[in-house]
Every structure is written in C-alpha cells, then in structure tokens.
Amino acid sequence: MTVSRVVELEGHIIDSGMMQAAFGIVMDMGGSFDVEEFDVGRTKTSTSYARMTVSADTPEELQSIVHELHQNGANPVDPQDVDLDPAPRDQVVPQGFYSTTNHPTDVRVDGEWIAVEDVEMDCAVVVERDGNGDPVRAYTKVLNAIEAGDLVVTGEAGIRVRPPERPRDKGGAFGFMQGGVSAERPSESTIAQIADAIVETREAGGDVLAVCGPALIHSGARGALAELVREGYVTMLSAGNGFAVHDLEHDLYGTSLGMDTESLDHPRKGHKHHIYTISEIIREGGIEAAVESGTIDSGVMYECVRNDRPFVLAGSIRDDGPLPDTITDAVEAQNAIREQAHEADLVLMLSTLLHSVAVGNCLPSTTKVVCVDINPATVTQLLDRGSAQAVGMVTDIGTFVPILTEKVLAAEAEAAAGDD
Amino acid sequence: MTVSRVVELEGHIIDSGMMQAAFGIVMDMGGSFDVEEFDVGRTKTSTSYARMTVSADTPEELQSIVHELHQNGANPVDPQDVDLDPAPRDQVVPQGFYSTTNHPTDVRVDGEWIAVEDVEMDCAVVVERDGNGDPVRAYTKVLNAIEAGDLVVTGEAGIRVRPPERPRDKGGAFGFMQGGVSAERPSESTIAQIADAIVETREAGGDVLAVCGPALIHSGARGALAELVREGYVTMLSAGNGFAVHDLEHDLYGTSLGMDTESLDHPRKGHKHHIYTISEIIREGGIEAAVESGTIDSGVMYECVRNDRPFVLAGSIRDDGPLPDTITDAVEAQNAIREQAHEADLVLMLSTLLHSVAVGNCLPSTTKVVCVDINPATVTQLLDRGSAQAVGMVTDIGTFVPILTEKVLAAEAEAAAGDD
Amino acid sequence: MTVSRVVELEGHIIDSGMMQAAFGIVMDMGGSFDVEEFDVGRTKTSTSYARMTVSADTPEELQSIVHELHQNGANPVDPQDVDLDPAPRDQVVPQGFYSTTNHPTDVRVDGEWIAVEDVEMDCAVVVERDGNGDPVRAYTKVLNAIEAGDLVVTGEAGIRVRPPERPRDKGGAFGFMQGGVSAERPSESTIAQIADAIVETREAGGDVLAVCGPALIHSGARGALAELVREGYVTMLSAGNGFAVHDLEHDLYGTSLGMDTESLDHPRKGHKHHIYTISEIIREGGIEAAVESGTIDSGVMYECVRNDRPFVLAGSIRDDGPLPDTITDAVEAQNAIREQAHEADLVLMLSTLLHSVAVGNCLPSTTKVVCVDINPATVTQLLDRGSAQAVGMVTDIGTFVPILTEKVLAAEAEAAAGDD
Amino acid sequence: MTVSRVVELEGHIIDSGMMQAAFGIVMDMGGSFDVEEFDVGRTKTSTSYARMTVSADTPEELQSIVHELHQNGANPVDPQDVDLDPAPRDQVVPQGFYSTTNHPTDVRVDGEWIAVEDVEMDCAVVVERDGNGDPVRAYTKVLNAIEAGDLVVTGEAGIRVRPPERPRDKGGAFGFMQGGVSAERPSESTIAQIADAIVETREAGGDVLAVCGPALIHSGARGALAELVREGYVTMLSAGNGFAVHDLEHDLYGTSLGMDTESLDHPRKGHKHHIYTISEIIREGGIEAAVESGTIDSGVMYECVRNDRPFVLAGSIRDDGPLPDTITDAVEAQNAIREQAHEADLVLMLSTLLHSVAVGNCLPSTTKVVCVDINPATVTQLLDRGSAQAVGMVTDIGTFVPILTEKVLAAEAEAAAGDD
C-alpha cells in the first residue's frame, strides 16, 4: 500500500536550506517524493514555490514524515483543523499531545489560523474558547502548568511552523543558526557590533536582558555592568544567588570570593566575606532593604534597585544562604525567568551556563542572542538551540564587559552628535 | 603597642606543610614570630612539636592571626572557652559568628573539648545544653536552618581545627589535597585503583554515593552504572531531573535525548522522546509507581527502586517537567543532599559540575572523593576544595564507567577466590 | 555594464546543498542569477539538473563568482582550456596561479579533461607535456617544490571541482563534513563503528595511518596500539620525536615521562628517564639499531620495525634530543608525511593537534578520517577541513585505544567465524 | 648495612618549603633522617639552618636520595669535586651524565665552586679547561651539541642547585611556582600588573621577548602588538611561519585567514589570501626585502624590521610555504630560540603552545614569565615548569593585547609625569 499527501513550500526555500531539509527528511524517513511544481525564484529578491507529493508505505509513516516536514516549514496543501483533547488531570497532558518548537507557529481552529502566543520549545499548545465555544486564543503551556480540562492540541494536523529565514545580507557578527564557534575572531570588532545591537535595541524601545554568572564579578567587570544598568542599556537582569552575593560582597568588603579585585591580594579572612555578606543581607531583610538603609550603595544589584530594573535571582542547590530575594523553588523561578524571556528583545548571556540554558529554554527563535563565555563548549551548547540571530564569543568576561560598555557609550555619543 | 600570644603545633608538622603554613600566615598578616621551642621529629615515624610566640600591633590583628593559625592546626597554649551568643531571629546568626571549615573541629565549652558533629564548610556551630545548662553536643547548622535562640559560637576563642595530615605513603591514584589535574595519566591503571577503593569501601560496610550527570546516559554508560547499583557497589544516588529522565527515556524508547545509543541513529521524532517520557511518568505518578506498574523495567533508576537504594533528584531551573520525584525547592533539596553526603564514605562525582559542587559543599575533608569529567576545569574546580584523599580524572564517562564496572567485578571475583 | 555566463549543476544538487551554496555565492558576491532550466530529481534516486545565467557588473566580478561557483561544483556550460604559465624561478609561482581545494579536480588541457593527481589543498597545479607538447599528466605541487619552468595553471578557466556528495544513507558515526562535535555521544557504540571501518579497510587491502601524540603513551594505551600494529590493522605511523621517546622510555624504564604507568608511582629520578632514553638511542645509532641489538624489545616503535611498517617521525622545536630517526627539517618531514597521507585510506588522528594538522593538510576530501582528542576544540578544528567521511570523538585516548583494539579483534574473530 | 651522609640546608628553608621537600624526599625514597641541628629563623627576616644525617640501605639508594636532595637545595656538608668524563663521540654523552634542572647551579671543580652558565633544563654540563688544565668555565650543552671529547659532568657529586626562594611579599599577579590557574581573576587589574612589569623591565634596560601565536592576528590584536614593538616595549619576537604570514596578509589584504578583521566579512576568495601572501613574499625574497621595497608597510613584522628588533621564525610541519625567513630545521631553530631565551628578562607567551614550550624549555627558573591563553590547559602546562615569578592568565588575546598596550603607555606617561 502507498499513501500520499501533497505539501508545498514557499519563500526563499533554496538558499534558506528549506528545500534541502525537506528532501532530506523524506529520504531519511523512508518515504519518496514527486515534485509536482517547482517555480524557482529567478532573482535574488523573488521567492520560490514548490509543491510535491510525499508518499509512504503506511499512514503512520506518512503522518510522521508530514509532521516532520511542517516542523521545517513545509505545509500540507489541504490543511485540516487541529485535534483538541482536554487534559485529564492537572499537569497531565492528553496522549499524543503536540510538543512545540521555538519557531513562530499557527494552529488551525474552526477553519481559521491562529498564531500561538508565547512561543517556547517543548510545551503543549492550549486553545481557549469563549462561552460560545469560539476560539479566543492559542498559547503555549509547560507541562507542569497544565490544568484539568485545558484543550490541548494533539496529533499532527492543523499546525503550521515558520522557521526563521536566513537574512539576505549575511556577514557581520550575528550569524544565522550557527553551530560552530571560533575563538579566532577579531574581538574588538565583534564587541563593537554587539554594542551597536544594544544601542539599536534601546533606540527601538526594546528590552535588553543580561543573564549573569558570578565570574563576571570575580573578573572585575562589576563596575562596567552596573554602568550599563544605570544608563539604561541593560533593562532586566537574570542571575543566581551567587552572582548577587559576590556583587554585594564587593560593596561591603571590596572583595569577590575574598580576593581584592584591585590589588589581587587575598585578605586572610577574605574567604569568610562571602558568608558574612549573606548573613548581613538576611539580617537587613533583603537587597532592596539593604539599599534603602544605605548598607549597600554601589554595584549591579544596587543599580537595579535604584533604577527600578526588574531582576530575577533563581536559586540552585549549590547556593550558600540563600539571600531572601532568591527564588528557591525551581518551577517558580522558571516562571519568573519565562516572563522576562518573553519580553526581551536582546539577551546577553554572560558567563553562566545554567542560567543561560534556563533563559534560552524560554526564548522563541526570533529573539537576538549574544553568548559570551571563556569555555568554547559552553558557547557552542548555547548557540545550538538555533536562534535566528546570534553571536557567540569565546572571550574573557572581565575584558568583554568593560570594552562593551565603553563602545556602547561611544556609539550613543556618536548617535547624539549625529542628531544635531 | 605590641600584643602577643603563644601557640603550639604538634604532629608531622614539617612534611605536612603545617609549619610552613603557620610561618606564612604570620608573615602575610603583618605579624612577627619568635620560636620558643622546636622539637623536630628526628625520624620518619616520630612527630614534631613547636611552640612560638606570635606578636602583632593591635589586639584585633593578633586575633585575626591567631584565628587563621588555628584554622590551619596551630592552637593557643592557653585555650579559652568559646563564646556563645543566642541567634536573635530565625535564619539570623549573631554578629561575628564563627564560620566553619570542612576539617574535623572541636569547641571548648565549660572547659571541655567537644567534637563538632556533621562537619561542613561555611556553617555556624551550635551548642546544645541540657536542662541543667550542661553542654550536650555541638553541631553545624547552615544559615537558613538557624532558629531564634540557638546558641551560636562567635569570635575566635575555644576552637580547635585538625586539618588532615598528608598520608605517609603517597603515590597511587589518590592524592592529598591535590589541586592540579592532568589528563596525561594512565587511564586503565587509575581506574583499577578507583575500583579497589570501591570494593574496599563495600567490604568495610561503607556507603558509596554516585553523583551523576546526564552525560553518563548519553555516552552509553547507563547499563554499567545500573549494574553497580544492582550489585550493591553504589549504595546511594544523587542526580538531577535530567539524569533520571534520560535514564527513563532509554527504557521507554531506547534513546537518550533522541539518539539511539546503539546504532547512533536519530529517529526523526527522537527529540520528542524526552518530553514524552516526562509526560508518561507524571501520568504514572512517579518513578516508583512506574516501576511497580511494569512501565519501567531497566536502568539506573529502576535498580535504585528495586534494590531500595535511596536517591535524591534535585531540581534546577533548566529542567523540563519536572518529574514528580524531583525536589524543586533548592533548600529542601540541599537538606536531602546533606543527609546523603554526611553518610557517604566514598563519593563518585560523575560528569556533573552542579550536583558535584552541591554534594561537595556538604562533605567533610575526610571523605574520599573521585571526580571524573571530560573538562579539566571541572575536575580542577571540584578538587580545589581539598579532600584528604581525592582522585581527579579527565576522561570520557562513556568509557570510564564500563571499565570501572568490569574492574570492580573482577576485583570482587579475585577477592572471593582469595578467600577460599 | 552587465556581463554574464551560463553555468550548470548536475547530481543530487538539492539535498547535497550544492544548489543552496550556488545561490548563496552569487548573492553574497553581488551578482544576480536567472534560472534557465531546473529539472528536479523527482525521486530519491534520480539526479537533478540546473542551468542558470550568472550576471555581474564587471568581468572581474563575474570571473570571481564563476570561480567560486566551480570550486563548489557548478561548471560553465562552455568550458575553456586552462591557462598555463611557466614558473619564473624555483619556488616562485606565476602571478594569479590557481590554488587548489582538497576535492577531486580536473583541468581542461587541449580540449580534454585531465584528472589532477595527488589532490591536496593550497597547492599549485602543474601540467606536464611530453616531447610533442601533448599533455601527459596534471598534478599538485606545494609552493616550495615548484621548479623554474613548471607549467602552472593560472586564472579561473578550465578547472572542474567535484565536492563529495552527501551519502544517501546517513546516520552512524561517520558524518558528512560535520563541523560540530559533541562529547555526548555513546562512546562504546561509536568505537565499535570505527573498529568496523578499520576491519573493512584492511579487508579491502587498504592502508590505515595512525597519527599519534605522546598522550597516547602517558595514558597507558601503548600496548593496545602496539597490538594493532603487530596484527596489521595499523599499517603506517606518523608521529613526533616525543611519541617515540616516550614509547622507548617505557620499554627501557617502564615509565612514561617518569611515571610508572602501572603503579602510578613517580620514581624519584623518573623525570630523567626521558633524556636518558634519548641518550641511549643516540648511542645505539637509532631505533632500528636498538631493536636489532635487542635493547628495545617491546612497544609501538618496536612493532613498526619488526613488522616493517613505515613510520615518519617529524621533528619540532620542542623536541629533546632529537632521536637520530627524527626528520628535523620541516619541509623534508612534510614530504615524508605527504607520501603517507596520499597512500592512506583511513587516517586515525590520535591525540595530537600538530601532527594531525600536518597530515590533514595533505589529505584529499575523499579519505576517511577518525579524530580523537580530549579537547573538543582540537576535534572541531581537525574536522573543519571537511572530509567526506569523518568521525570526531571527544574522549580519553587511554581508554579509547584499548577498547578499539578489543573491538577490532572481536570484529575480526566474528568475521572469521562468519566465513565458515 | 646502613650508609649515611650529612647534608645541610640554609635560608628561608621553612616558609619556602625546602625543609618540607627535603623530609618528603627522604621518606618517599625509603631513607631515614636524623636532624642534628635545627637553628630556626626566629623572626621574619632571619634565615634558618638545618643539618641532618640521611641514611639508606645501600650506597646506590643513598646516592639517589642525596642527588634528589641537592636538586632541591640541600647540600652535602662534605662536598666533593664533580666527576668529569669525556664525550666518546659527537652527540653522545658519557654514561651516567648529569642532566640539569632549570635552577641556578654550581659545580665543584678542583675544589672551587663554578657557576654553570646558560642554565637550562635537561642539558649536560660541560667544563672547559685551559692549556694548563685549569677550569675556565662550566656551561650547559644540549645533547645534540655535544662534541667528542667534551668534559661532561657525570654522577651526583660536586653539584649545588639553588632553587629560587619564595619572595617575602607575595600577593599580586606574579605568583611563585604556581601550578593552578584560574580564569576567575580580575582581568584588568592583572593586566595592569603585567604592564608595570614590562615598564620596569624596560626601565632597567632589560629585554622583553614576545612569543606569538597566529590567534593574536585573527583576534585583532595586531595593531596593538605592533605598537609595543615600535615603542620599544617588546624588544625580541619569537613566532612561527603562520604568525608572520597572517601579519603580512593583513598588510596586503586587510584580512587574516581570509576574514576582514574590521567588518568581520569573509571576502569570497579570502581563504586564498594566505597562500597568495606567501607566494608574494617568496617572490620578493623575504620579509626584509618586502619591507624595503615598500610592499609591506605595516604590522608586527614591519615594526621588527624597521626598528631592528630581532625575530626568530621557527618552522613546523603544518606550515604553508614557508616564508624564506622561516628556519625550517628544528635544531637550528632551537638554537636561535635558545639565544633569545637566554637574553630575555621577561617573556610574554601569547596564545601559542608550541612556541611557548620551545622557549620555556630554554629558560632558567629566574626569568619572569607571563603566559596568556584562552585554553586553561595550555596555561597550566606552561606554568608547570616552575618559574620563580610567573603570571598565568586565561583570557582572550584579542582583548588582552590592546588593553595591555594601553596600560603600558599610560604607565609610561604617568612615570614621565612623576619625573617632573
């Protein structure tokens, strides 16, 4: 028996790799294809169109192939409605639920295509209907947020995924879904392009989320990051308990994990500063209270409080303390991270694998990402997720942030001069 | 003004580096010393004794020096009692509380030395008194466990720390407080010595705690680790949600993060196996339920359940799901980890930085540690904490665990044959 | 002004990415294209054909585009002969000489296509003519081998490059031009597939070249590699002075860089074994003499001598000694490496960046490559060159080689059993 | 049978670790000791003195222990003359020759202690006598430089080694024989201290040798390094063929390995720039000729030629070309490197393992070393050798060199201002 289905592709389907991907999927999965029509974009600006019949030996195989195809942007010519099944219990999805990609996605309900809100990978899609049973909206939900009765999309039908297209003009620091990362790229020029992206984001009224690891403080970049917060270039912060403690320790003792970041000396009792700092902030009742009381009067956390920049401190099992501000429950922390991630237009992942992965998990593929780490494996892992526009830099966070701040302020000054 | 105090050192104080450390501390901290008596151990087996007067310009400086000295094993000749202050509120320690090392420690209460229980770094020491006000015990408490009224040790007086001595016969895989780690060590011979340590620990009725990262499953070591659990060589497990999900995915689908670990093929929908596995276990109500129902019938988690080996799954912000068994609150998870860590005699840290740090934070310096990772920086960081007996190996967890299992079973068989 | 040229592509041009690459090249280089004909392979087995007119603003731009296109497999429909210019002096190529890729290449001389011999990257192509001026052969020459009067291909015309096609059945360990490399792949299964490739190569009468770094000896893999040489699975060896010295030191002293690879002890004078070994072999007159005299009677070098397996020891500036067998001149050493590389059917790059790069520089893209290192950056760099069939493994050479040897011998035994 | 010998130690033998090392050596090697006299330095500034009798079971064991002891600074109280044997043939040392450490060393000839010149590790010591047979000088020779008849030191007697003492004031970036290296150190403060060391070296009329890898050019640090050469802060250069070619490519094409280091674009034919550059310089006859002709008018090599700064380009088997200036013979290149290394007062090892090891092999332990690499394993390996004053930094060379140059010039300006 052979069963078949007709799918179509549209856009810059050749140079974006969609055509190649589609052919590969069919062949890898044991199906065959017959190209019905191929209307190639004859010039750089015109788009292409292809229609082909995909065949397989069983309906199941065909369904799998077609599913995989539309995860990659090829859609059936005869779209059907999605199947919707109610969740049987809280946190329990119906069998065969559709698990999302991080690409813009539509679902077809009652003959109409609805854009899925809050696009995020590995979620269920829930469709809300109003009192009359009319679809109101569709949005993603993580498994642990599912409530009994939620109408969850199941199966493969009625779903349309739009992977981002490769930008026409490539080159520059921001690459398209790049996997590999090289340390051998001109550092200062790359940082200049990142600075431009930050300035552009701010000019467009967008949000820049900095995801920060403790190495940022140890390596002496605290002052430069605080300046970016104060000047409004970093508008949201995501970090862990350790980052905040090191930042606060520097305010209280001038050290980070006990090392004087200016003289490089280790005051003999310096290793106790960490735990003393935590104890002090607990005594004050939290970071905001410590800023209000004047106990803390400099640094990244200080600038966040003073300038009303929202921060999320997510707890982990390696934390000392933790600080009262740290969200110790992982699910609750994820929800806070999720909210920031959905709002961000540009995400700076600065020297932290754990927090960057957590934020990256919640990002749609359309958000710009900058990922900086001294360890090439970390940068590679973070870029693997496939953002449409991403820069990976294997560099020293302790030199990166100060140079970035300098270039952001210079770009701003230049822009201001240009306005006259 | 000059103030001074007499301290003494005893033991293998020269070859263990204590003498050198003591001289260094005084000089680094701006004090001076005058050696009163130096009775050097004239032979390999005899111990040495030194007594010296330490002087500084102010009582505060002197106190800091003396404090630092006894953190390193030099003790005042005229010991005083510890100062004890009640904690003013829950989670708030008294000002100037004593923060612990991970070395065996005694405190002097009412003229008597009491050993501190549950030795762990960066904790407060709490002294319990009975109805008559007599001291009953002294033990460590992390900051967030402090309760209002707890009698907390403050200041520097009345505390005695005993750093582990360098073993007389060095050599072999287990090194003494080694910092550096080389990938260029004979792999199979090193694994053989680790296998011997595991067999010895079991023969002595001790506990072996395996701290496991997800790479262990991806790299194909799942079967070998399951065997170590089944045969009783690994008696406790500490891991994260991801490790358990990968292990269970392999049972359900034969894949790990979607890759078939035998054929190395990526079934096209394999990347969904991860989220389907989570969904399935949630539906079942947890791992134990899934084992009972027969849904899960192989793997590491299966063997833990079947053989009644306690496991701790600690949540993190990068988790999918999580599984119902995962402890999502970081503080609660730390408490569960702490309990395992205090009980363990040998800890295998297998390819996970986050969980290894969390466990390592709770270990006294007297517990044997084996640390295995492909990333030399991870191994270095984990060994830095200074265990008295530690092996660091930069190797591939996917070849390490199978070879280890083979050598453990061979050592056992050999031991059995030797018993006849 | 607009100038244009017609090019054509043939083969599996869509799923191999050729079509996508061609479109990308034209657009990136500022040209435009007009697809004249596109005859798509309608099924998995049929090939495709495309013909398009490429246009640019100047002849120079057009030439650049067309050049880049046929480096990637698109060829002008109206081929011309190559331009040939004599080299003006020894080691000096004519201006505008054609610099080779590592893909199979033809040049058109007097209207006939001739395959270029000894394909290798970054070389000149020299055409030899006989007494009558008829072309006899075309082959690559590195710059320093050019002799005055050599007829060297210049410009862009008359050259046809055939990049390897992506194999129809992907999956398995050997990937197609893969850039990224993950440590998270099942180790033992991957090694099994490499073992199969070695056995297949031998059965086909092919040559396996092992490129070896000193870590191989330190990590205890010496015996296993010696076995592969003795049993005829490794038929050629490429290494440096250090590798050979460590191998010989182990024979003479049982140590590698002074560490006993069994007991892991460091004999106190062990660090002198290295220089004593060199001194001893110099005294004997070389490795072969030391084997003949019985001074050396085990190890990798011993098996090479005894089994007549050619080895190249290339010198470097960090060498101690060096041994009399080490080729100290880099150009001379490259020539020796080149000869081995051209002959090899499968190359094992084992824990050495320097020597692997040197060998890789001389390999055509059609040679199978296995690259093993503990450092992911090394593996990535070595695979970047784009072999048609390559496996990269981030693993411990000290466990890899013993397991590989075991699996090779098992595969052989199985094959022998199957023959009955 | 027990044989024994009396040795003595003098200096800051406790806090420098000499005493500890001596005790450890005797015990590790199976000997025993009896401390005759121990005159401890009672204060920070006074030195200590110890005399002990070392015993062993056989004269051979005793000799080994005593040998090891004086490699570490403990000397026999009854010194003997060295044994001197003539080398039997060129490149062949006498049996039992003494192989050097990299510490300052004296040999006792005819009752007089002579300082060994050109201290370097793993060499033989040759003593020259004049016509009357009187000792003229003692100096190191590498094995391949030994000439028949050279009087070579053999055995253990009559040799005195002085390992560098730990400086009284520690702290700051330069550490004493530090093994471990952390990326988590304040980057800018560390660079400032390195800048100070460079300025001090120049003020003292010393030589700064930069050992440079190609990543320096790729990462955009070329201009900054050229400035250090031009301004006289870097007075000697050691590199490979690749470094020079990349530097020259940037002058000719504005690219490094084909990437535009400003715009980050890859001109399509950029990957050919490398081989074209080599071809161009060969045509010119070498770097100096290309500078003279005006073909090359910027960059690091240009500044070296223009400012008469000696450079050594050492060849390797991975070189393209090579350039006419590259020394292709490894032994000849080592000799050139050795000459520079012996003259240098401060060595900057910038992003190259191969060349840094080669230079490091020739350095006495008294030379200051700065080692910078993005790979922590490289930094660790380079510092392992034990320089008395060394800084290891895990950072991005592309940000390090520009910041260093800026700080060097600022320090200079400040010093100039201070002179007024």
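Worth a mention:
Labels A, B, C and D are assigned to the chains in the order they are written; within every chain, residues are numbered from 1.
Going forward, a residue touches a chain if its C-beta (ideal position, glycine included) is under 8 Å from a C-beta of that chain, and two chains touch if they have at least 3 such contacts.
Predicted model, so just to flag it, every value in this text is computed and none were measured.
Any chain that touches chain C and also touches chain D is listed here: A, B. Put simply, the chain farthest from chain D by mean CA position is A. Put simply, the C-alpha centre of chain B and that of chain C have 46 angstrom between them. The distance from the centre of chain A to the centre of chain C, each centre being the mean of the chain's C-alpha atoms, comes to 39 Å.
Multi-chain contact residues of chain B, defined as those touching 2 or more other chains: 28, 171, 183, 377. Chain contact summary for the complex, chain D toward chain C: residues 25, 28-29, 64-65, 67-68, 91-93, 97, 99, 122, 142-144, 268-269, 272, 274-276, 278-279, 282-283, 314-322, 328-331, 333-334, 337, 354-355, 357-358, 361, 375, 377. The part of chain D that touches chain A in the complex is made up of residues 171-173, 183-191, 193, 214-215, 218-221, 256-257, 259, 261-266, 374, 394-396, 398-400, 402-403.
Against chain C, the residues of chain A that register as touching in their complex are 14-17, 19-20, 23-24, 26-28, 32-35, 38, 40, 42-44, 168, 170-171, 179-180, 183, 376-377, 380, 384.
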